[in-house]
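These are the structures, in structure tokens.
Look at the two complexes coming up: chain A is in both, with chain B in one and chain C in the other.
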Partner chain A sequence: MRLEKCWFCSSTIYPGHGMMYVRNDAKIFRFCRSKCHKNFKMKRNPRKVKWTKIYRKLHGKELPQDTTFELERKRNRPERYDRNVVEDTVKAMKKISETRVEREAQTLANRMRGKKTQQRREDLAELQQGIHLVKAPTALLEEPSLTLPKEKMKVKVSVEQESKAMES
Partner chain B sequence: MVHYNLKRITVVPTGKDFVDIVLSRTQRQTPTVIHKSYAINRIRQFYMRKVKYTQATFDEKLGTIIDEFPQLDDIHPFYGDLMNVLYDRDHYKLALGQLRTAKRLVEKICKDYVKLLKYGDSLYRCKQLKKAALGRMCTLMKRVGPSLAYLEQVRQHMARLPSIDPNTRTILICGYPNVGKSSFINKITRADVDVQPYAFTTKSLFVGHTDYKYLRWQVIDTPGILDHPLEDRNTIEMLSITALAHIRAAVLFFVDVSGSCGYSIAQQAALFNSIRPLFDNKPLLVVCSKIDLQSLESLPEEDRQLIMEMKKEASKCSGGIASEMMVEDDDCLLTMSTLTEEGVINVKNTACEKLLQHRVEGKMKSKKLEDVRNRIHVAMPRPRDTRERPPVIPAGVLEARAAAAPRAPRRLEKDLENENGGAGVYSANLRRRYILADESWKEDVVPEIADGHNIADFIDTDILKRLDELDREEHQREEGESEEEDMDDDEFRKLSPEEQEALAAIRLARRNIREEHRLKKTTADSRPMVPRKHDKDKRFTVSRMERHLSNLGIDPSAAAARARSKSRGRKRDRSLGYDEEAGVEAMDVEQPKSKKLRMKSRTRSQSRASMEVVPGEGFKDSAQKQQALALGKKAMKKRNKFARKGEADRTIVNLRPKHLFAGKRSTGKTDRR
Partner chain C sequence: TIRPQTYSNVADNSGARESMRIRVPGASNRQYASIGDMIVAVVREAVPNMPPKGSEVVRAVIARTRKGLNRDNGMAIRFDDNAAVAIDREGNPKGTRVFGPVARESRECHFAKTVSSAPEVLRGIRRNRMMLR
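What follows is the complex of A and B.
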């Protein structure tokens, strides 16, 4: 029993899922679902398809290479069973996946650094530019703060008048 | 010596057929057209040709027959004798002689008539002569007819004779009828001879072939021989006698010890003695067959005595070294049973061996051997030193020989399986034979998958080392992180909640503008468009305008007043605060001025109709007038331009009208309607 990786999107294929395609040159393609399979049939390059892991790694959205990835490697030569080794391995796996998660979070944080400042800058600019859509220039002159105008009494009266007009 | 192929003799036609063949051939192959007005020479030539041609044909055909049939003196005496036995030598010779005579006579006839034809003076005469000649030849043939028939019979029979080579290694089987000769030959060769319980089942010679020491051996099965003098023997027995007489072979004399053939051992011994002269210079074996019914030891004394005597005789007449030394050869007496197949192969091998020896001895005695020997030279390498060079046997082979003794049977997995319930019940524990560092690990349950990863991908003997490296890296990274400060400083301050509200409103406004624009771009074809006049959402009323302006933060009262003043009628008060009826300023009135104004300002569409009946209008009473007005109103009911579902839209009477759902298309598919 082995968990394979989807050729297109690089997600794990659990047993009972997906499809395997063997080409005439004996190269095996495994797909996790028909979405990936259909994309493959359309001859799309996973490196250009935004939601695949390959794209993300290539375009710096995610951690591209790391020692944690190198520790998980498909070994073609089977090792003789050794209980201690397997025990250690199982424990190590946990630790490795923890470190990997931390590192991925770190990369995300790095990527998002400065985003807040930029966001704030943009918001402020938008506010300054678009305030004329919600506040009249005369009101702006009276009250130069970039906030909505205060509620006027007139608003209430006009409602009352209208209701009266409908009755008559 | 002419080689005869007894199987390929041309068919001998009957007398009548012969004549037909020859005459029709003459008819076809010679010219047929002649006229009495031709030159006489020509006529003569014509007819002479016919006569000669007929004679030539007779000659040819008779000649082939005579040549193809073997001369009994020319062929091997065995075959000669065989044919004598089968076809009677005299009769055969006479028949052939007759044919020869016929041939000669035909030639004579031809000569005579050709001479006469030379002097034929008319067509008629020549023709008669030709007719006479041909007629005489044909009558001759008719007289020869019986010989031809006989020869045809001979030919057919000869073709079916077994092809026995009298010169090669042969084993001859003889004995009383029903002793088991045919069964024996069936056993050692592929011949399929009839085996039946009655005597004289085998009526002719049968040949089979077998192998021994990479050589081909002929085995001849003969019909049974009875014990009476030669003159009284019938044809079938004579066949065996002929074979015995002429073929230099190893002879197997079969004795039936059980007596189930119907003849006692005494009778068989008597036969043996009577045909003993035939066994001269032939290796002889006395074979006791049917040993499963009666063993040799349990025979009565006289019978055993007889058999022993036969054996003695056999060893004597075998010839060779044994007879010279007058020693009884044990090999001469053999026992076997074709039913249980014991001793059959032994008999064959002994017979072959004996014959081989006999032949070799014969060859050695003849002069031919010297010729051969002179030509054979075995080269022996000259020894260059006195060193011993024994053959090399590899150590493995020596060990194998040493361990040739069979070991004690091991307990196999198969035995284990059988003990524990058999194939379907027991499933072998494959882990039993695992080679591991620690035996207690054999029954471990090894996980393969954990947390979405394959454990096998992580297995590494120095995984702990790798883990340490990883820890070190992590430490380094963390330190590096703590040194770095949070770069997200307050370069730009956070927005206050009111500002955020404003931002949200701005975005909403922008979105609305976009949406409106997109809607404006669409045509009435793609979405139902309500005319602006009837669209309730787009009414441009003053109250809406007021609301919009107050949302923006402007005081709407001035704009509202301006808008209303434009919609009022001209005759009424223009100025804002003056009330004509009251004659006072609107300020004094309790009602607020705007409300009064609004009451008064009405658009034209709102005209009021009273319910009082005015005479002259033509109504009976107010109820009638009301009804009339209502009808009038209904008639002027406006079209529903609000793009809402109307009465007509609420039900579909016929969900599947036939014209939409039935029928074929002339072109295209009907899976979409």
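What follows is the complex of A and C.
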């Protein structure tokens, strides 16, 4: 028994799932579900379809290359059963998947860095522009307690001008 | 599933190109034939100057179907076309080469034995035969 990868979306195909299509040139395409198979029949290129792993790796959304992936390489020669080897392999598999998960989380964090501040800035702009949808503009003036959140702005002040102002 | 009147490609070099299924021998009104079944077919298109002529009746084993098979391990297999390999009454293939991939299930009628001992193995784009496990 072997866990295959879906040709289209690269997810694992567990036994009992999916379909295998054999082309007349003897090339085999495995699909994890009919969604992938139907996309294949539509002649879509998985590199251009946004939800596939290939697209995400190609466009830097996910960890593209890593040593942890190389350890999962397909091996065609069957190994003679050795209990110790099996034990070590199982331990290693755990460790490898842990590191991979860590690294993927790291890439996600890197990709999303600065997103919070950007989002906050965008929200503030939206508030300032669209506050009339929520409250009448005159209401803001009448009630001093209603204010829009202030944005912390970094202002550059040249030291020379400041000293001149202080002198005069 | 190959029904009566279904055209299928002939996947060997026996000289026929396309055959049309007539019957499944051995059953009075059997409708469907699948991979591994022997069928009686009439040659519809043949390579010129070779033994099977158009409208000659031959027996064949179905090697590939678009409908495919469902394996015991849950994997479903589908092929690109419907194809059969011409055989004689004993089950020996009429041609010497088989073209394209072939499912392991098409082992009826001594098919496997004679095909695996086929003298020519063609590699490259048009593969000789691949037994899919």
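Here is the rule we use: the second predicted complex is superposed on the first by the 142 of 168 C-alpha atoms of A that agree within 3 Å, B and C clash if a C-alpha of one lies under 4 Å from a C-alpha of the other, contacts with A are read in each partner's own complex, and residues count from 1 in each chain.
The rule we apply is simple: contacts are C-beta pairs under 8 Å (C-beta built on N, C-alpha and C of every residue); 3 or more make two chains touch, one makes a residue touch a chain.
This is a predicted model, so every value here is computed, not measured.
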Taking the superposition on A as described, I'd like to know which of chain B and chain C A:42 touches: first, second, both or neither. neither
Should A:96 be classified as contacting the first partner (chain B), the second (chain C), both, or neither? first
Contact-wise, after the overlay, does A:25 reach chain B, chain C, both or neither (first, second, both, neither)? second
Comparing the two partners chain B and chain C, which touches a greater set of residues in chain A: B
Go through the superposed model and pick first if A:141 touches only chain B, second if only chain C, both, or neither. neither
Does chain B (first) or chain C (second) touch A:17, or do both, or does neither? second
Name the contact category of A:123: first (chain B only), second (chain C only), both, or neither. first
Which partner does A:86 contact after superposing on A: first (chain B), second (chain C), both, neither? first
Quick one: is A:1 in contact with chain B, with chain C, with both, or with neither? Answer first, second, both or neither. both
Which residues of chain A are in contact with chain B in one complex and with chain C in the other? 1
For chain A, which residues are in contact with chain C within the complex? 1, 15-26, 28
Taking the complex as given, what residues does chain C use to touch chain A? 64, 73-81, 100-101, 125-127, 130, 132
Quick one: in the complex, what on chain A touches chain B? 1-3, 12, 67-68, 71-75, 78-83, 85-86, 88-90, 92-97, 99, 102-103, 106, 113-114, 116-117, 120-121, 123-124, 126-127, 130-131, 133-136, 138-140, 142-143, 145-150, 152, 154-155, 158-159, 161-162, 164-165, 168
Mind pulling up the chain B residues that touch chain A in the complex? 434-438, 441, 444, 446-461, 463-464, 466-467, 469-470, 473-474, 477, 481, 487-489, 491-496, 498-499, 501-503, 505-507, 509-510, 513, 543, 546-547, 549-557, 560, 594-595, 598-599
